[in-house]
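Paired with subunit B in one complex and with subunit C in the other, subunit A is shared by the two complexes that follow.
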Partner chain A sequence: MQGFLEFFDIYLVEAVINGILLGGVLALLALGLNLIFGVIDVTWICYAELVMIGMYAMYFIVQYYGISYFIAAPITILLVAVLGALLHYLVIAPLLTAPPINQLLATGGVLFVLQSFATVAFGVDFRNLGIRLPVLALGDMNFSYARLLSFAAALIAMVAVYLFMTRTFTGTAIRAISQDRQIMALMGVDARRIYLVTSALGGALAGLAACLLVLQYDVHPFVGLSFGPITFLICVLGGLGNFIGGFIASFVFAEIISLGGLYSDLEWGYVLAFAFFIVMMFIRPAGLLARRS
Partner chain B sequence: MRVRKAARLFCGLIVAMAATGLAVSAQAQEKKIKIGVIYDLTGPLAGGGSELQYTGARIMLDQFSKKDVEGYKIEAIYADAQSKPDVAINEAIRLIEQEKVDMLLGFFSSAQCVPVAARVEQLKKFMWITTCISSAVLENKNYKYVFRPQASGDQFGMMTMDFIAQNAKQKFGKDPKDLRVAIIHEDGAYGVDVAKGNEAGAKKAGFNIVLREGYSATAPDLSALVTKLKRARPDVIFHTGYNPDITLLLRQAREQGLKFGALMGHGAGYGVYEKLKEGLGTDVNYVFNADPISIWLANQKAMDPKLPPMIQMVGEEFDKRKPGVAIRSAHVGMAASNTYVFLTEVLPRAIKKYGGVDPDALRKAALEVDLPEGGTMLGFGVKFHGEGTPMAGQNERSFPVVIQYIDDKSYVVWPKSQAQREAVLPLPKGTTYSNQ
Partner chain C sequence: MKGRLAAGIAGLAALIALPFVYRDPYHLHILVLILIWSFAYTSWSIMGRFGLVSLGHGGFMGIGAYVTALLWNHLGLSPWIGIPLSMAAAGALALVVGYPCFRFRITGHYFVLVTLALSGIVLQVVTATRDYTGGSLGYTPNRTRGSGLLALQFDDKTTWYLIALAVWVGGLLIWHWIDRSMSRYALEAISEDEDAAAAAGINVTAEKLKITLISALMTALAGAIYCQYQMFIAPDVVSGIAVSLQMVFAAIVGGLYVSFGPTVGAIITILLAETLRIGFGTQAVGWDNLVYGVLLVLFIIFLPKGILGSLLERVKLQRKPSPAA
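Presenting the complex of A and B:
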């Protein structure tokens, strides 16, 4: 009994809740990427770099122009949405019919361009927004409001995207085009417009993630390296283009990292998460929620 | 007419030959040493202190390139390691094989130093390390051409432990065996080596090590580590990290309510006060850091008299290049001082006594450097462990000091011989992390 109580101590509860909150951050990142994956069927390797640009935008708007965080956030979301649309128009659209490896290499190139651009334009310094949110204390447990905000935003964004996709004509068109790219054009849907809207939406979600991540992390040109790979793994684990799968995968991944890190070395948490990913790729190669054919 | 044409051709030929000859002879007369300088100018390590190191080395190299050293011009060729060990190796090879540099200087990251030193030694080229501290670079390697005037990582770890050991009873009111210490570190060569020194120091002092753990410096979340620290309830945390992970750890520590009596940093990210302040605000107050002493804090009265004007020059140049910095980072002075030692002690001796700047001449000259304490801007002396010893190439007279950041100023608090004030220990009541 004593051992049981020691195992299920308050720190375990804290680790579980922190895992859920980290899951919120990862879910937010995975949402936009999944949208792009699912509809345009192109891998935006540079997705985390769009988030990085958004974080810089937040930093400069708030710190240099003294504009309130709440006004800066919609401006940033709009800015990254435009960036997403531009990325599609300039890089993806000409390669839509090209082999996937070409698309991958092109967005990989954009990744380096954005990193180098940020290095040249903003320097290599770490920058901090300087906003310190209060902490929610529950007995001996403390939780970050910044993480709670990310979690709430991920939930709301998830529901909003779901409603948009199921209740609006554009959303229906997006879903339809993701099922059959060729036939939709024959049915009078302007595929180019749908792609552009989807890219802007994906960009807007990256902008939203940037607004929330900038409260928790320093901004620097290589901040994307901390999130990019893990976001891709989550999208694949959840099933490419599957929003709910991605959402669940984020929390599974985050809990493995958090609990694995608590009961072993922190790095083992990541090792276990990646091992779980590999095993799941054997068991369910199409993702956690994929239907068996 | 034909004769006149032939004469003109002949004159032209003579002029061309003379010009070519003059050029060749001028080239032969212009002696120079080409120094390949490698730091991280991009990537996460750049902002973590490497760019400041580059600035310090560059200030000194620019100063010396204005004049000759024993008839040799200084030509520095700079390269960016991009915070990646593979790039550091490739750039080192490129500088040696394509740019034909005579030697390499610099290197911020221990993860780069370890493989680059092995490769440079293989190529029998001279390498002068200004910054990276891991013992693994030199320990039991018996390199002939790699030299490091900088203190080694385990010395950093031992120094902070020694500081706490000497203050445990007086400041914490605890016997060493009752003092709970946690050792956490980034998992690269640098963090592992400092932690090794921490552990050895803790065992020597008889501390109770309640947690020892490494983590990846690029990990997006350290909350599980903070939870473990909360469970372990350490009196003192010994932390070695770069900058993004330090701010992430301490921010998450604040958010999760971690409390402790003192935080001991060990160089790298802890040496860049401006960034700590920007990321953590007033929470950075009373944090300790072990580093070679900042040249601006070193006791100039106990120094070789030619050094204070150099310190002033480095400060003025730094202010010109980076205006508005509250505390000049120790990183700048570290690279400037270690570069200065090479340019004033090794290079002239190699040229005068050993006839040039080939690797063997530089190696012999380095082995003869014998500066007493106060002989460098960093306060320590220089004498390298000789060939055949376990730490061949390591400066046996270097030592770090412990500084404390108090109200936007940094003060040396340990060792006692260098201390500028009494340390504030443990964290005062009412501060964010105080466990009082």
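Presenting the complex of A and C:
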């Protein structure tokens, strides 16, 4: 162990591992977005804003009402799931037959609404839970428990979604409808119900991400902008609607951000990630795992 | 047609004469803002109307504003040179991002998300190079000690009003020029069906690149003019996703497919924001965007052609003589 650590730069190893931990949460977000895109063929531009609302919910439940974190988390997940279903019912459902661009722009409008709602209701102050988790020291490397916990929870959630999609009737119907929209209605599946369930599931994943992110970051009305764009890039890089591609792309991006941040500021990590993305668009325009036809 | 031209010239003359008759500085300021943003929204809708929905225009606008200001402050380069340079930079970026998008047929969601990345990059670069750009705190071009004309800095609102008016009219002329060109038909065919358009002999990539380049150059100019007028720019005011969405919103509310649509959109959004700001004072933070967002969603669901577009359509329907008569 000691020889191995001497061989590599210790900060490099720390950055690599932190990148993997960050990748877990990003993968969770990408999964939710991919799920909705794959099934309903809609991109929720406001996805990160749902996470923001969830972070505020956690803040108020834990901080204001003094309820324990582990009771607050399921409440938040449920709340954001309901929000996701509402978003589908109120905004997406009336637009299902409209051009896809209109659906996307409508969710852009929702982004404005959620962001400014948070500004009006909660103000622009940065707030945090005030929970300080201890730091795990391994050799000379430090890892925060918050990140480890997030990574573990994100992995468990992804396995749970996988099991739901493969082992239950509803999950099978969701996968089937993403393969062929028209036929499934003939097979006796109520597409509208599946869309609602998917939206709620996507919302729930955003809610879970909110519970995990609130441990590491302060919440403010524009917090969505700091990880929203990166989530979209991950989904496009992995191929929209491609779950495995999204999973891999999350870790690629997280490593670039983490390693880029090691040598310079964190923003340069983001700039590198963006630049990498544009280069990848030249090489693999349809996503990492796309087959060339 | 002749009557329309005469009405247009009369309207333009009235607009030019306005600041010499009416001198209230606040109202002139609002008018200048409306004209500058109308120009920016027109630039967006030039490509937006063909289904090329870009969320990267915040990036082009940011480049226009920041490159001009940085060249002036650090190299002492007059905006008369700086603005063309910044436009060239935005155009180059548009080509670099646009070419793979169009060559590999990245359309729809993918195109929106790729361009979204573009405005994200510009925002992050501006924030990351805070030693030069002032980061998220914003940036001010140095006040000139010499000639105001050389530095494109004027203290009186009338001059700015006339500049903004000229730019806005220029934008509308470009809109009409494209509207009457062959490219318009080509791009409409492309937005309906790319394969069929290509089969009919349209060079899809070249047509799309051309319109993207024009749009990006104009947006960068809008950013530079905005910077010169306000003498203050911040990354979230001239670049980023919020600005891109604001452009989309105004263009859609006003009407994408008519030349004055984006202008109507700018008038509505800016008056709305100002009214809310005056009505609520400092409490209004966020309220304007809340109303914007709700309106945007309602418009896309119920009035996808925008206010002006729907109005014109209704007038046209009424004018058409019914077959029985």
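The working rule: the second predicted complex is superposed on the first by the 280 of 293 C-alpha atoms of A that agree within 3 Å, B and C clash if a C-alpha of one lies under 4 Å from a C-alpha of the other, contacts with A are read in each partner's own complex, and residues count from 1 in each chain.
Basically, a residue touches a chain if its C-beta (ideal position, glycine included) is under 8 Å from a C-beta of that chain, and two chains touch if they have at least 3 such contacts.
Every value quoted in this text rests on a predicted model; they were computed, and no experiment measured them.
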item: Joint occupancy of subunit A by subunit B and subunit C, clash or fit; value: clash
item: First, second, both or neither for A:Cys235, with subunit B first and subunit C second; value: second
item: Partner chain in contact with A:Leu105 - subunit B first, subunit C second, else both or neither; value: second
item: Which of subunit B and subunit C A:Leu225 touches, first, second, both or neither; value: both
item: First, second, both or neither for A:Val124, with subunit B first and subunit C second; value: both
item: Partner chain(s) touched by A:Glu267 [first = subunit B, second = subunit C, both, neither]; value: both
item: Which superposed partner A:Leu186 touches (first subunit B, second subunit C, both, neither); value: neither
item: First (subunit B), second (subunit C), both or neither touched by A:Ala137; value: first
item: Which superposed partner A:Leu22 touches (first subunit B, second subunit C, both, neither); value: first
item: Candidates 23-31, 77-85, 185-193 or 203-211 of subunit C: the single one with C-alpha clashes against subunit B; value: 23-31
item: Common interface positions of subunit A, toward subunit B and toward subunit C; value: 119, 124, 221, 225, 230, 265, 267, 270
item: Subunit B partner contacts - residues on subunit A that touch it in the complex; value: 9, 11, 14-15, 18, 21-22, 25, 119, 123-128, 130, 132, 135, 137, 140-144, 146-147, 216-218, 220-223, 225-227, 230, 254, 257-262, 265-267, 269-270
item: Residues on subunit A engaged by subunit C in the complex (per definition of touch); value: 37, 43, 45, 91, 94-95, 98-102, 104-106, 108-120, 124, 221, 225, 228-230, 232-233, 235-236, 240, 265, 267-268, 270-271, 274-275, 277-278, 281-282, 285-286
item: Subunit A-touching residues of subunit C, taken from the complex the two chains share; value: 51, 53, 55, 96-97, 100-101, 104-106, 108-110, 112-114, 116-118, 120-121, 124-125, 127-128, 240-242, 245, 248-249, 252, 285-290, 292-297, 300-301, 304
item: Partner subunit A, residues of subunit B touching it in the complex; value: 41-44, 46-48, 51, 83, 187, 213-216, 218-225, 227-228, 230-231, 243-244, 247-248, 251-252, 254-257, 275, 278-279, 281
